[in-house]
Structure formats: C-alpha cells, structure tokens
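Look for chain A in each of the two complexes below; its partner is chain B in the first and chain C in the second.
Our next item is the complex of A and B:
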C-alpha cells in the first residue's frame, strides 16, 4: 500500500484532522458527545491509519513501543492517582468536590483528568494490540 | 442489517466476513444515532467498524482466508440460539413502553443525574466520570488488563525464536 499515491495524499490530508478531532472529542466531552474512551480510540485510529499507509516502522518511530507501554500503565495510574489526590485533600477516594475551592470547579477538574487517564490507556492499548498483530505478521513473512 | 448477518453466516470467505462485520457496525452506529445515543454511536463506529476491522484483517493475515467446512451439522446450536432468541423476545414483551417516562428505570437515580448538580452539560460524561467514577476506573483497568494480556501472550513466543536464531548462528 505504500506506493499508492491517492492513499498517501488523502492520508496526509486526513490524519491531522483525525488527531485534531480526537483532541476535540477529548476536551469537549463535557459539553458535547464524546469523552476519554472515544477520544483514545479515535487518536489510535489516526495512528493506525498512518501505519497502514506509510508502514509500521514509520508509525513506530512516531510513537515508539516503550511510549505505548508507558501510556498503557500511565493512564490507569493517572486515574487512580487522582482518586488518591481527593483522598489527600480530605475527601473520599475519587471525590472531586475537594479538588478546588469551588466544588463545581473541582468536579470539572476531576472529570478532566480522569477522562484524560481513560483516553491515554485506551489509546495505548489499541496501539499496542495493533503493533503486536502487525509485527507478528511481518516477522512470519520473513521466515 | 439482517441481510448483512445472513450473508456473514452463509459465506465461507473470511475476508468478506470481516468487511461485512464492519458494514454491520456502521449500520449499528446509525441505529444508535437514531436512538439519540451519540456517545455509544461514536464508540461503535470507531471501535466496531474501525479498529476491530483492522485488527481482524491483521489476524487474517496470519491464517488462511477460507473457513474450514464444519465437521457436523449445525442443527443443535441453531435450535439453541433460536430458543434463546425467542425467550429474549418473550422477555422484552414485559418491558415498559419505549421512552416511557414512568418506567421504573427513570424513577430511581436518573432524576438526580438529570438535575445536573455538577453543571456538566453532557450528562453521559457526568455520570461516567463523576457519579460512577469507580465503574469507570474498573473499566479502564479492564482495558489495561487486555493490553497487558496481549503483551504477555504475544511477546513470549518472540523470545525463544530470537534465542534459537542466535544458537543457529
């Protein structure tokens, strides 16, 4: 697929918008449809699209394996850590009201970070699964 | 959608099966938009039609593209799934009317969620990330476990092969 001119041009035009849309879905999740899970999947789709057109090794230089694995665990840790932050500030686990002086603002802040954690984990898992399957196929072809 | 499912059940070529499941997912996403569940529709379109199609194609790359002939007649599984379907349809007859405001599910905690006391305009986000934060933490952990499981399963086979290559050299 790497020699297909139409795909390369369309991909180059579309991928920035896919990634931008993922970020929009992430940060606009409070107001419109969407949220962490959808944003993570859409972001991963953009990267997978890139890998399909330009080759897996190029995608692996954009987002290396160790970054993907760090994303995998980092998202969950961010989420759980935010729960503990509520704990330390004198509330219950995952209590957002204490995160800011204004309780409503604290809720918004909590939702923002928690959704970010979900997005990071989901994106990392999707990319990892794709990398795993795709690289297995390549290694077997060579043998 | 019925047509897509029937063709999926009949055809033996796995490539067309995968493409048809993608089509089915897109149709499902439009149904969900019609039901006003835009969040779920987005997930269905992105995961069902997008990522899982790519992953299944990647898996297909590793095995044969034609499904083997079944070893026995599928009458017993067919009868079983038909019976389950009839049971479910019979059960759905007892559900309250669609979008009935007096249904029990709209009487319990939903009014409090919809009062929007934390001022997040998207109620789905509010419920997921704030009211039911524990659930979402659990879900994120499940997704993480899936990724970790994939790593554990697929990476182990890679190492012995490399070692074998080293020994061969």
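Our next item is the complex of A and C:
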C-alpha cells in the first residue's frame, strides 16, 4: 500500500495522534474509562497501522522482534514486581496501601505502575501476534 | 511481617516470575536455571506450608490487604498443602530431568520458551490449588491450560499439533462449563469467595440455578480430569507431547482437577447436597467402573508404550473418582492418597519411557516411537530403565509393597464399610487388567531376544536415571511408610468432612 499517496500522508499525520491518544487513555484510566489494556491495544494499533501502510519490515525496524518479546515479559515483571514491593514494604502481596505514607496516594501509585505493566504487555502481545501472522508465508510482502 | 507469612503467595509468585525472566534473557541454559530454581523454591515453599498447616491449621492470606469476601483470599488447608507438595515436587524432579531430554526433542531456539511455558503451567496449577476464590480458580486454570497446549504442541511428532488442538477444543469447552457454573453460583450468592459462597448457598440450596451450577461444574471439571467418556483428549496429548511434559502433566494436571472437584463438592456445595439428595454418587460410581475396566482394557491393546500408559492413566483416574463416589471418610482418604501414589508412579514411568526413547534415537534424527516391536530384549541393553518401569508398573497393579497397594487397600476398605462386596471384586478384577498391560512390557523387554542390529541402543545417562529412580524409590517408600501419604490424606479428608457438616 506504499504507493497510495493519500494513505501515506493521512497515515503519517494520524499515527502520532493515535500514539498520543493511547497515552491519554493510559493516564486517564485513573479518573474515567480507560486503563492499561485499552491503552496497550491503541498503541499497538498505531504501530500496526504503520506496518500496513509502509510494510512489515519498516515496522520491525521501529520496534524489533526482541523488543516486542522484552515488552511481553517486562510488563508482567513490572506488575509482579510491584506486588512483591508490597510485601517488602511490610504489607501483603499487591498491597498498595504501603507504597506511600498516605494510603490513598499509595493506591494511586500502585495502580499507576501496575496499569503501565498491563499496557506494556498487552501492546507487546498485540504486536507479537500481528508480526507472526503478517510474516507467515509471503516474503514478497517485505516491500 | 516476616517472609514466612507470605508463603501462600510466594508459592505462586516464584514460578510465575521465573517465566517472564526466562523470556527476557532468551537463553536456553539460563532459562533452565531460573525456572528450575523457581520450581525448587516452590517445592521448598510447599514443604514450609505443609509443616505450618500441620501445626497451626488453615492459613488465610489476603491479597492486597483487602479482607475477604471482598478481596481475593488464598486459603491453605490440609488438602491444599498436600496437593501443593505433589505438584511442586513433581516439577522439581521433572525440570532437571528435562534438560537432557529437550536437547533432542525441541529445537534449540525454542528452549527458553519451553521453560517459560513450564514455569507458567506450574504457576497456574499451584494457583488453582492455593486460591480460595472461584473466579481466580478459572483464571489460573486458563493460565495452566494455555501453557499446557503449547507444551504439548512442542512435541517433535507432527501429530503433537493435532493432539494439542484437540486438547485445546476439549479443554476450552471444559473451562467454559466451569465458568458458567461459577457464574450461576455468583448469581445466586453474590460472592466469589468459596468459604463465603458455602455459607450463602445454604439458603438457596435446592433452587434450580444451584443445581444447574453443580451440573456445569461437574461436567466441566470432569472434562479436565479426563473422567472416562470425557477422556478423548488425553491419550494423544500424552503420547505426542515431549517426554518431560507428559511426565509432569500425568502427575499433576488431572490431579489438580480432581482437587478442584473435591473442593467444590465438599467445601462449597456440601456433602448433603451432592451425596445425599442427588443421584450423583451412583453416576460417578458407574463412570468410575467404566473407566477402570474399559480404559484398562483398551490399554492392553496399544502398540505404543506411551499410549498404553496414557490409557492406564484414564483407568487409574477411575479409582480416584470411585473413592469420591463412596462419600465416606475412608473412600475420600483413598482418593486423596491415590492422587499422590498414582502421580508419583506415573511420573516415574513416563520419565523412564522418555529415557528409553532417547536411548533408541540416534542424535539428530526425529525421536523414535516406543512401539513394542522396538522394545524386544530391552532389559539387556537398558536394565535400570526396564526394571524401573516394572516396579512402577507393579504400583499401578497394586502389588503389596508398592504405593498403589495402599490406595487400593483404602478403596477396598471403603467398599467393605458399605457392604459392597461386588465392588471389592470389581477392584481386584480391574487390577488384573493392569497386570495384563504391564505384563506385555515385561514379556517383550525380558523374554524376547533382542534384534541383531540393536547394538547402538544404550542405557540412559545418569542425569535421566537419577530423577526417574528417585520417583521409583518414592513409589516403594510410600508402599511401606504411609505416615506422610495416608496420614496427610486422612487428615485432609477429616477436615473436609467436618467443614461440610
């Protein structure tokens, strides 16, 4: 689809906003609809959109395969790590009350990081699935 | 708070964290180290929990400091700690074993993923056991099942893919039924905490949604534990999965499903509803007998050794559910102790078969199938492996002096308690079927002369023999010293029955 001028121009304009919107959904998750899962999907959509227009190999130079796999694992580790931080600081597992002097602030802090972990893993999974399906069989798709 | 107070959660978190770390570093050897370390840590945790529960009683752990029934509760009682020991102990033995085996069976670039999946599967199975929350059970069930499908599909034989797909379909139906059942229970009680659910169920015990929930849960869990007519996924999955995976699953996956069934029957629905007001025990008795006879009978005619023992597993699960169907203390004890006794013996057998397969396979070729025509005269070339299979096979038959005898003894006692003499006969006669299929191996391995061109086959290396023989020794140990196995099982059974009243 690289030859399609309209798509390319519109895509280039839209992709930054898609990624920005993902970040907005991520941070707004505390106060309204949104959160890590949706943000991760939206962010991945931006990258997949890029891959559809400019080709898979270009998307793979932006986010290479090993980074995608590191995202899969890193998000889970971030989540589990904050769970462990809970009991290292004297609470139970996944206890966010102890993450700050003010328990409510602690909850905010805990949820913020845990949701970030969710977003990273979900984004990684979406990209991994897309990369795997898109790279199957046809190698001429590289251009 | 000291670290020991967090044992219930560490039980799950340690193997769970080992999986993403293994993925992060993308290195087979490192992944093996970290996941094996996670499994050993989980085993140590399980021992700690078992000691703690035996001394101080049930532990309740509140996730994120939210008190149950609002928050998620991890609850460890006698039965839980017993099953945790079985699952984590099997993983602790199988993982070091699998190092040499998967070198041949799985392409090297996939090794780290194999270990990651193993870690996730272990974490899922431990999670199902330790959690006291109905929906949490479903989530962990999915974690362990999805990891299992991948592990099975990693088998070298291309039929492993079809076997994994079949298990995926059947397993997903089972999981769906379970979540529908849990949904109905949530609808009627407004809670997901198992203990709270049990209290609230008393008021609505005989309403139709509760009965429907019981039906969905029974069928869903029976699919997962491979109760006889629902066992179709099991033989192929066990036959074509990598050897280490077969050994681990045979000892743990179906056993944890039995645990879930016991948990729902005794701790949620209560004994009176399940065993007195409904004809469920009769159904379960009929299906158990079918499993004991039909599956053992099919096993006799298998040509592939792995497949033979896979069918034998279906038959042995029949004994476990038979013990449940009595609805008595002795029967329940027999069931619970057979979880351990059968798990250990079957894991030993599949590990030894794995070593046998490796011994028959030339380096760099597709792994050979352990079919009977290739096993002729095996005892001369692989004496320790053959002898180990025979000993564990004796435990499957239930010969005195092996662990299998202890469980069958308790089942027979339970039958005698209710004056069901024909059931005693059925247990003994079905054991004869086990004699038949174990004898097939003995005959081929010991009394058939080896083919001429078989000089290349050698005994499995020590790294494979030691873990397998550890389990073989355990089957003999539990046949003589039953203070741990029967002792914990009867404590667990008493606790369940007391809570159910």
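In this section, the second predicted complex is superposed on the first by the 137 of 143 C-alpha atoms of A that agree within 3 Å, B and C clash if a C-alpha of one lies under 4 Å from a C-alpha of the other, contacts with A are read in each partner's own complex, and residues count from 1 in each chain.
Keep this in mind: a contact is a pair of C-beta atoms (placed from the backbone, for glycine too) under 8 Å apart; a residue touches a chain by one contact, two chains touch by 3 or more.
Computed from a predicted model, the values in this text were never measured in an experiment.
> Figure out whether A:15 sits in contact with chain B (first) or chain C (second), or with both, or with neither.
Neither partner.
> Looking at chain A, does chain B or chain C touch a larger number of its residues?
B
> Contacts for A:83 in the overlay, against chain B (first) and chain C (second): which applies, first, second, both or neither?
The answer is both, since A:83 touches chain B and chain C.
> Once the shared chain is lined up, is A:7 touching chain B (first), chain C (second), both, or neither of them?
Touch status of A:7: no partner.
> One more residue to check, A:126. First (chain B), second (chain C), both or neither?
first
> Using the superposition on chain A described above, determine whether A:96 touches chain B (first), chain C (second), both, or neither.
both
> Should A:67 be classified as contacting the first partner (chain B), the second (chain C), both, or neither?
After superposition on chain A, A:67 lies in contact with neither partner.
> Which parts of chain A are in contact with chain B and also with chain C?
69, 72-73, 76, 80, 83, 94, 96
> Considering only the defined contacts, which chain C positions touch chain A in the complex?
1, 6, 9, 13, 16-17, 19-21, 23-24, 26, 61-65
> Which residues, counting only chain A, touch chain B once they are in their complex?
Checking each residue of chain A against chain B gives 25, 29-38, 41-42, 44-45, 48, 52, 69, 72-73, 75-76, 79-80, 83, 94, 96, 104, 107-108, 110-111, 114-115, 117-118, 121-122, 124-126, 128-130, 132-134, 136-137, 139-140.
> Using the touch definition up top, name the residues of chain B that touch chain A in the complex.
Listed in rising order, the residues of chain B that touch chain A are 38-39, 42-43, 46-47, 50-51, 54-55, 58-59, 61-62, 118-122, 124-126, 128-130, 133-134, 136-137, 139-141, 143-144, 146-148, 150-151, 154-155, 158, 161.
> What residues of chain A sit close enough to touch chain C in their complex?
Listed in rising order, the residues are 66, 69-70, 72-74, 76-77, 80, 83-84, 86-87, 90-97.
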